[in-house]
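Both complexes shown next keep subunit A, but they swap its partner, so subunit B is in the first and subunit C is in the second.
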Partner chain A sequence: MTDAADVLVTGDRIELRFPARGDLIVLARLVTSAISARAGFDIEELEDLRLAVGELCLLTLHGSDARSGDLCLELTVLGDAISVVCTLERAAAGEAPGPEAAEIAQLSEQILDALVDEHGRESLDGSVRAWLRKRRGGHAE
Partner chain B sequence: MDQEFDITERAGSTPPVIAVTGEIDVATAPQLREWLQRVIAQGESTVVLDLLGVTFLDSTALGVLVGALKRCREAGGDLYIVVADPRIMKIFEITGLTNVFTIADSLQAAGAS
Partner chain C sequence: MTGGREGTPEPQSEDPGTELTPLDAAAREEVITSNLGLAHQLARRFLHRGEPLDDLVQVASVALVKSVDRFDPARGVDFSAFATRTIIGELKRHFRDKGWAVRASRRVQELYLELGHATGALVQLLGRNPTVTELAEATGASEEAVIEAIEAGQGYRATSIDATESEDDPLSARLGELDGNYDSVEDRALLGPALATLPPREQSILRMRFVEGLTQSEIAVAVGVSQMHVSRLLSSSLQKLREGIGQTESEPR
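So, the complex of A and B:
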């Protein structure tokens, strides 16, 4: 049985901030699973979101000319959908991503295309802001 | 609870069978890359990668597998992937990699002995 206090409703927003390191992206996946379940997504959608948010973090991390700072994840419940925005903040300049990063980014884009309803990314001063939106029961592969 | 990430090589198998358990992501994929590079560098051109115990796979992991496949094929061999979990199989399908890799649902079907 679900307690009303466990349910997230429209407008509820959760932020997660952690050092921009690949080994900590698991935190983003765990939080996404918990939030998605409380927002009413079923187990398959929840698994899709967990994978998609991991890819969103990778796109943000590898698409930026920086290797430091914090990854900031903002999850917002919007009616029957969830919106996730990932940004790299307080980043210092670093090496540009190599060709392997471009191949992985292409795979990330394919995964997002298949799993969520909308997604995108924008470059801002050498950093990247990546976002996605997924509806409950709304995405057909 | 998810299985811990681990890589083992099945003793005495031909071709060599590398078994992975747990989550292969940006944090753990480099370990798999190193393991596969070492096996291929030892002269093995065909490798069976047992992913039956894998619970999560991301684009970084796929990048490692694609790189290993290229090295195996350049050496005249192949990289066989063993997957049974529909969630893991789905990741290969949505990225179109089912057309790139030889994927089997059991070690036997992958030709491991």
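So, the complex of A and C:
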């Protein structure tokens, strides 16, 4: 089903940018599926990574004070792992995230704990940069 | 801030001789009740894998109860974090135990083939190519699943035409049967003008049946008539075609 031309290898990097809206996170999940499959992740690992990338986007989106902007996703194949970095490029700043955002972030981080090998996030000038790394081979529960 | 995998707490040894006091039982129930929302939220995160929400909520709720029983405050781990990991673990196990990894691949393939049928029927019905939203409605799948199946289908197209999708339904059976019954260029040349003499609806029905490979029931749904009526239209259309090309071939099966 997959020929050599479809395979992604170490160092291959894919960037995706889309308007920062929750209903468009589906785009990030779809791209993640396609990339994971081409990087040799099995179907369960692929589903985990897809779920995790959705959470990563939520973390970035809800942790920021942006009113509009773009979500930027950078997926890199590194050996037997895929690393994903999600950032938000703000077009206009809005109100600071409220307590609801903290609850969403807490749940997202707990989900990431269960799905990937490493993850983290930093706040940068009102915006959030979140990242994860998942290895193939069934490391995460 | 860095997350990462913490050591999963070992289950506490179970002591069947230890009974909960009424206070313990009440506290246990309160912890379970107050975390049912968490179980529900986590179950929803697994919705796109094709299992009903009710089943997932049930699995998550049972896992929540397990996590309450296994939780050891002495380990210094936050309960909700421990419960999240336990519940996600159980949800994943649920899919593993059901052989989901195998079915998922098959599910995508089946959906891809189903999309072929649905597209043909919707083209006839709408007079234009359907949107992903319309395909999702027609097949009962999510838009995401439809896109995924289309994407995956690019690979499946390389599959042998005789690859067996199921024992009684090889891919080649889905190609339609018109070509098999008119195996010469001359026959095709005769058929074209004869087809053109049929009313547009009968032409559409013949195309759906013998080119798209739809069943009579599927055509009935697409056209909005009964299956019996489709059967009668097919018979009369084929008879007109035979008369039109001066042949008396038996009806293709």
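By our rule, the second predicted complex is superposed on the first by the 136 of 141 C-alpha atoms of A that agree within 3 Å, B and C clash if a C-alpha of one lies under 4 Å from a C-alpha of the other, contacts with A are read in each partner's own complex, and residues count from 1 in each chain.
Here is the rule we use: a contact is a pair of C-beta atoms (placed from the backbone, for glycine too) under 8 Å apart; a residue touches a chain by one contact, two chains touch by 3 or more.
Bear in mind that the values here come from a model prediction, so they are computed numbers and not experimental data.
When both complexes are superposed on subunit A, subunit B and subunit C occupy overlapping space and clash.
By the touch criterion defined above, A:R136 lies against neither subunit B nor subunit C after alignment on the C-alpha atoms of chain A.
When the shared chain is aligned, subunit C comes close enough to touch A:D42, but subunit B does not. Touched residues of subunit A, counted separately for subunit B and subunit C, are more numerous for C.
By the touch criterion stated above, A:E122 is placed in contact with subunit C alone, subunit B being left untouched. Of the two partner chains, subunit B is the only one that A:I25 touches; subunit C does not reach it. Judged by the touch definition given at the top, the superposed model places A:L51 against both subunit B and subunit C.
Judged by the touch definition given at the top, the superposed model places A:S33 against subunit C, while subunit B stays out of reach.
Of the two partner chains placed around the shared chain by superposition, subunit B and subunit C are both touched by A:A114. Overlap of the subunit B and subunit C interfaces on subunit A comprises residues 26, 29, 47, 51, 54-55, 107, 110-111, 113-115, 141. Interface residues of subunit B, counted against subunit A in their complex, comprise 23, 25-27, 56, 58-60, 62-63, 66-67, 87, 91, 94-96. Residues 1-3, 6, 26, 29-30, 33-34, 42-44, 47-48, 51, 54-55, 106-107, 109-115, 117-122, 140-141 of subunit A touch subunit C in their complex.
The residues of subunit C lying in touch with subunit A in their complex are 1-6, 8, 38, 41-42, 45-46, 49, 80-81, 84-85, 88-89, 92, 95-96, 100-101, 104-105, 143-144, 147-148, 151, 155-156, 158-159. By the touch rule above, subunit A contacts subunit B in their complex via residues 22-23, 25-26, 29, 47, 50-51, 54-55, 58, 100, 103-105, 107-108, 110-111, 113-115, 141.
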